[in-house]
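Next come two complexes, and both contain subunit A; in the first it sits with subunit B, in the second with subunit C.
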Partner chain A sequence: MLPSGVFAETYAEDKRLVRTGKQRLALGVFLLACLLLPALAGPRLVAIANVMLITAVVTVGLQITTGYSGQVNLGQAAFMGVGSYATAVAATRLGLPFWLAVPVGGVAAAAFGFVFGLSAIRIKGFYLALTTIAAQFVFHFSVLNLPKSWLGASNGITLEPMTLGGRRIGTDTGIYYVLLTACVVMVAGAFGIIRSRHGRAFVAVRDDDVAAGMMGINVVYTKALAFLVGAFFAGIGGGLWAYYLRFVSVEQFSLFFSIWYVGMIIVGGMGSIVGALVGVFVIRSVQEALTTLGPELAEWLPALGGAVVFAGMNVLLGGIIALFLIVEPKGLMHRWNILKASYRLWPFPY
Partner chain B sequence: MSDFLTFGINGALTGLLYALIALGFVVIYRSSRVFNLAQGELVVLGGFLVWWMVMAAELPLWVGIPLAFAAAAGAGALIERLFFTRLVGESLFSMVMMTIALLILIRGVILMVWGPQVRPFPIIFPLQPIMVGEVLITRSLLFGGVVTVAVALGLSWFFNHTRPGLRMTAVAEDHQIALSLGISVKRSIAVAWILGAVLSTLGAMVFLSGRSLGFLASDIGFAALPVALLAGLESVAGLLLAGVIVGVAQGLAAGYLDPLIGGGVSTVFPSIVMLAILFLRPTGLFGWRVIERV
Partner chain C sequence: MRHAHRWLAVLLVAAALAALPLAAVAQVRTLNVASLADFSGPYADVMKPLIAGRNAALDWWNAEVGAKLGVKLNYKAYDTRYDTAQVASLWPGIKSELNPVAVMGLGGPDVAALQQRLPDDKIPLLMSTAGYGYAWKGASWVFNPRPTYTHEMAGFIEWYHGKIGKKGRLKVTVVSSEASPAYVDIHKGLQAYGAQHDKAEIEVIMTEVQPTDLSAQVRRAVNAGAEAFLIPTNTAVVVAAKRALQALGKKIPVVMSSHNGLIASGRAVGGLAQMEGDYEVYAMALAVESGPPFEFYGKLKDKYGLKADWNVLTVQGIEQSLFVVRAIENAVKKVGADKVTGAAVREAMVTVPITSEATFGFLSDLKFSEDANLPTSGTVNLGTVEGGKYKVAATGVKFPPLKKW
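Showing the complex of A and B:
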């Protein structure tokens, strides 16, 4: 809800993302903080931020498929993996530059996602979730069993550092700015898609696909498109991931990660792009905290030894998802919106 | 020819093992309309309970196994109480995600409590294989197969011919209608989870007898998934046929395709079967519901 006195008189005004001066200020401060982060924070925080930025791109894609279009997708990590491998192959075998190789990854992932999106035309709900899990297995099996000269099988693929405009970008700080730019572009794109005709079609299909069909929305096309767009985001994220780690292997894209991504949008809030970003931030922070605390936890539970972090991650992920599903299925953004509304209405109840 | 028979018969018996594991899926689905993706984890949990009672506490088998069943029933009731009572009437997405959360949570808890080490599992069925003519049959699988057939037929009768069973079937059809007819959805779901956990423990005993037990044994859950899908999620007796079909196909694939294409075909085989079922006939062979199509 908007503060009193702010209302739209034209459609263009109604679609605007930034409605008040304070919002513009907040966005500006946020972007400035993002830009200054490497100068203010240590190298470890920059490395964490890099992973967060990549995860944000992937999760925003999942938010479009699952949060906005209502198509359960448990294969986002596989889509990301396809993008990652496509980028790696494009960069190492075809010698494409960074700015071309990453979109190649996006397109490859979009194609793979589209194939599985087509199954959303025939089946829905639980069966669709199973199909996307199968996508995960298909990806894993194909990479490991294709000839070694194609995708490197279990050895993975190693990449050269990215070069932009003739300059090698090898440091974490340099990569941070590249990733930040990519992330801002992708998130802006996501906002654009969501506010367009397609975005409204996604929401209509999510809420009731029969009613959406009655209104003249092509339901089949919309569902397949949702998978295509979501997988494209995953592919771009995967491409960036390949360049960031400079090493691609199957274990980086297991079902476990897909579940983490879904966990992130549940925590942040389904059907909100900002929610996806919040979810990424919260969950990645907790994960990092657990990894940092790992050695101390290991002293508490000596029986587990090095497995304590893995066990802790499992309990944490399962626990967080269960907790949010029971206590606040609409996620943190919903809480935030309630808070904001009550602040704006104060001292009136409604 | 004897090769063919060995692959075929052992495949069929493995298929019956899958059917036993898949019984856990179907029983929970058939009485609560929740598809429990954490089935593999329940099997591992059951396995660890048996191990705990028999190997760690050194109880004799005839005391340890009933105790393990009782503990599994308790665990099932606890899971229902903590996670699913509050979700009655929630969206399907919540249910699916909850079972996935459960999968990961149980795995984490098992790791926390029992650690990542691989442990020897008690020998419940004698190890020596049985020779029938030239065909080698694993004894645990044979006994397991007999148990599976008995349990599946018994449960099928329970769900189709007794009042409590029919009540639970009504819950599986529609929570709201069942509630309006005065059926307690919560109790049905509780019974479902208790039954599911006990059956998973039984499955663990057949599956792991004389082998080693680690948290990775949960892969059997995903291997059994195609059997549940092929039977149709609502059919208990149909699992037997579906299990035999998938098992024989997989056994023959392992025997004849693996040497040709290189290993691994038989391991991915269940996923391929699953995809084929999902695309061609999502209701499975004996499922009730017509899957909604767009």
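Showing the complex of A and C:
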């Protein structure tokens, strides 16, 4: 809902993401805060932000596949892994620079995702979820069993730090700005995609694929495209991750992470790019807080035992997702939109 | 006037005397050590004895060695949840908060997240576990006090080959899994050992990480003449293999490592007596109630408030701290307490050997180099179960040299 008196007179205005002065101000302040973060916050927060930014790129991709297109995907971590390995191979074997190696990772992941997207043409729901889980295992076993000279097998692949314009970027602050730029570009790209005809086709297929087909949308193409785009985002995230850690190994992209990515879009809100970002922020913040609390809990309550703490932590994190599914299945963004609408309507009830 | 001079002299002497202890205090250099732990991840249940062992040994060193050297080690634990992303996000904060001269690592995620950063940060990561073929590197800042799991298992094969007086190759079956690259590395290493030496014929059985039944696979291996089963994975695999062997009525030794050893697997399988004739092998002290390691444990318990039972996890915690403090001690002796940095600790690591006596027999003699970040020669110890009791099978067994695989 737009504020009173704000309405679009042209198609371009209708497509605009930022429409009011207050929205422009809020976005400006947010971006400024992002730019100033390394100067204002300590290295720990910058490192947390780095992981969040990479996760955000991957999760936004999942939001396109699952949130916008309705294609259940439990293989996003595998797509990320493919991107990560492809980036590592491009950088170490082909000697490609950072700015080229990361997109290569994105393209490789998109190709891998497209293959699994083809299965979405015939199946949906539970069966599709199982197929995407297969992506996890195909990725895992392929990496471990292919010749060592290809993907390093159990050894993994190590990378040199990223360089841009001949400058080595090895500090957390330097990496933060690279990741922030990449994240902004990818999020802007995601907004562009969902506002395009492809985005509208995604939503139409999600809401009713039979009706979408009757309206002339190529459902087969749209479903496969949703996987391709989502996997491309995961691949870019994987490429950034490879350069962030400078070491790629198969266990960094397990099914466990895929489930967490789904959890993030559930908490943030399905079908919302900002929701994916909010989900990443909330879940990673809770994880970081629990990590900080871990040693304290172990010290304060030694009788509790490590196993109980571990179980408690996972129950708490899992409980957050379950709570959202029960209380607010549309996620935090839906709650925010209700709040915003109420504010704009006030003092009227509707 | 004379009175004034006298008072001035008294005051000066008093001030000098008062300053003496202050000067002594000022000479104590505090060095920080980061202790990576898993309080809320998959290994949270085994953290208590490991951390207790680590801390007590550090307290002992501060009181009995550091005090004489003018060094105090300040240590702080960080919860990594055994997660690579978590380690990556924690590390910059640890570095800025502590600026440690050494980091005590826990496992693979620490190595994955930090191995490429440490040369830039100039802080060595010191582990407590055995190493892997893929982590066996030159110019590394990650050090293992034990050789690779493959070396340790190969040590058992060599010993058992001699014990039973085997002519020709011993038929060994490795029960492994592709669930983790670490497991794959171990069985590939053992296959490489089989090719490099003439003591064993290695066969690998692949299973899930938590198998419920291994009857078919074990039966096939037994029919093919398996003389020992090596299980470097986890207790669930040991349980499944033991059940299969019991169902077949076969008594073939099962060999485990420290993380899935006789006590833990015995508990999982329903009693230590069921592990009769099986073995565990690793290059650190066995948790038997005699010898210098047990005496040192007793000292930590009596004087330094160690509240942990004498078991393999406590041993692992203590050996890791002893490994760390001896490396720091060597660095202090080499460059002086004032100049100790992470780089100095690493330099001491690759140039000054650590003797087994220095670790009270918790570890064998350790010698690192720019080419090897883990011991490539040394000995392993073997534990077994006899008459339902945990016993030493052999100590100081040399493990064979291996080429990288």
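Criterion: the second predicted complex is superposed on the first by the 335 of 350 C-alpha atoms of A that agree within 3 Å, B and C clash if a C-alpha of one lies under 4 Å from a C-alpha of the other, contacts with A are read in each partner's own complex, and residues count from 1 in each chain.
Here is the rule we go by: a contact is a pair of C-beta atoms (placed from the backbone, for glycine too) under 8 Å apart; a residue touches a chain by one contact, two chains touch by 3 or more.
Quick caveat, the model's predicted, so the values are computed rather than measured.
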item: Which superposed partner A:Tyr261 touches (first subunit B, second subunit C, both, neither); value: neither
item: Which of subunit B and subunit C A:Asp209 touches, first, second, both or neither; value: first
item: Touched partner set for A:Val138, first subunit B, second subunit C, both or neither; value: first
item: First (subunit B), second (subunit C), both or neither touched by A:Lys223; value: first
item: Subunit B/subunit C common contact set on subunit A; value: 141, 144-145, 307, 310, 312-313
item: Complex interface listing, subunit A residues touching subunit C; value: 42-48, 50-51, 140-141, 144-145, 153-156, 158-159, 170, 172, 244-247, 249-252, 287-288, 290-295, 297-298, 302, 305-307, 309-310, 312-313
item: Touching residues on subunit B, where the partner in the complex is subunit A; value: 35, 83, 86-87, 90, 92-94, 96-98, 100-109, 111-112, 115-116, 225, 229, 262, 264, 268, 271, 274-275, 278-279, 282, 291-294
item: List of subunit A residues in touch with subunit B within their complex; value: 66, 70, 72, 74, 119, 121-127, 129-131, 134, 137-138, 141, 144-145, 209, 213, 219-220, 223, 256, 259, 262-263, 266, 301, 303-304, 307, 310-322, 325-326, 329
item: Subunit A-facing residues of subunit C, complex; value: 37-48, 51, 77-81, 84-86, 88-93, 95-97, 108, 112-113, 115-117, 120, 132-134, 178, 180-182, 184-185, 188
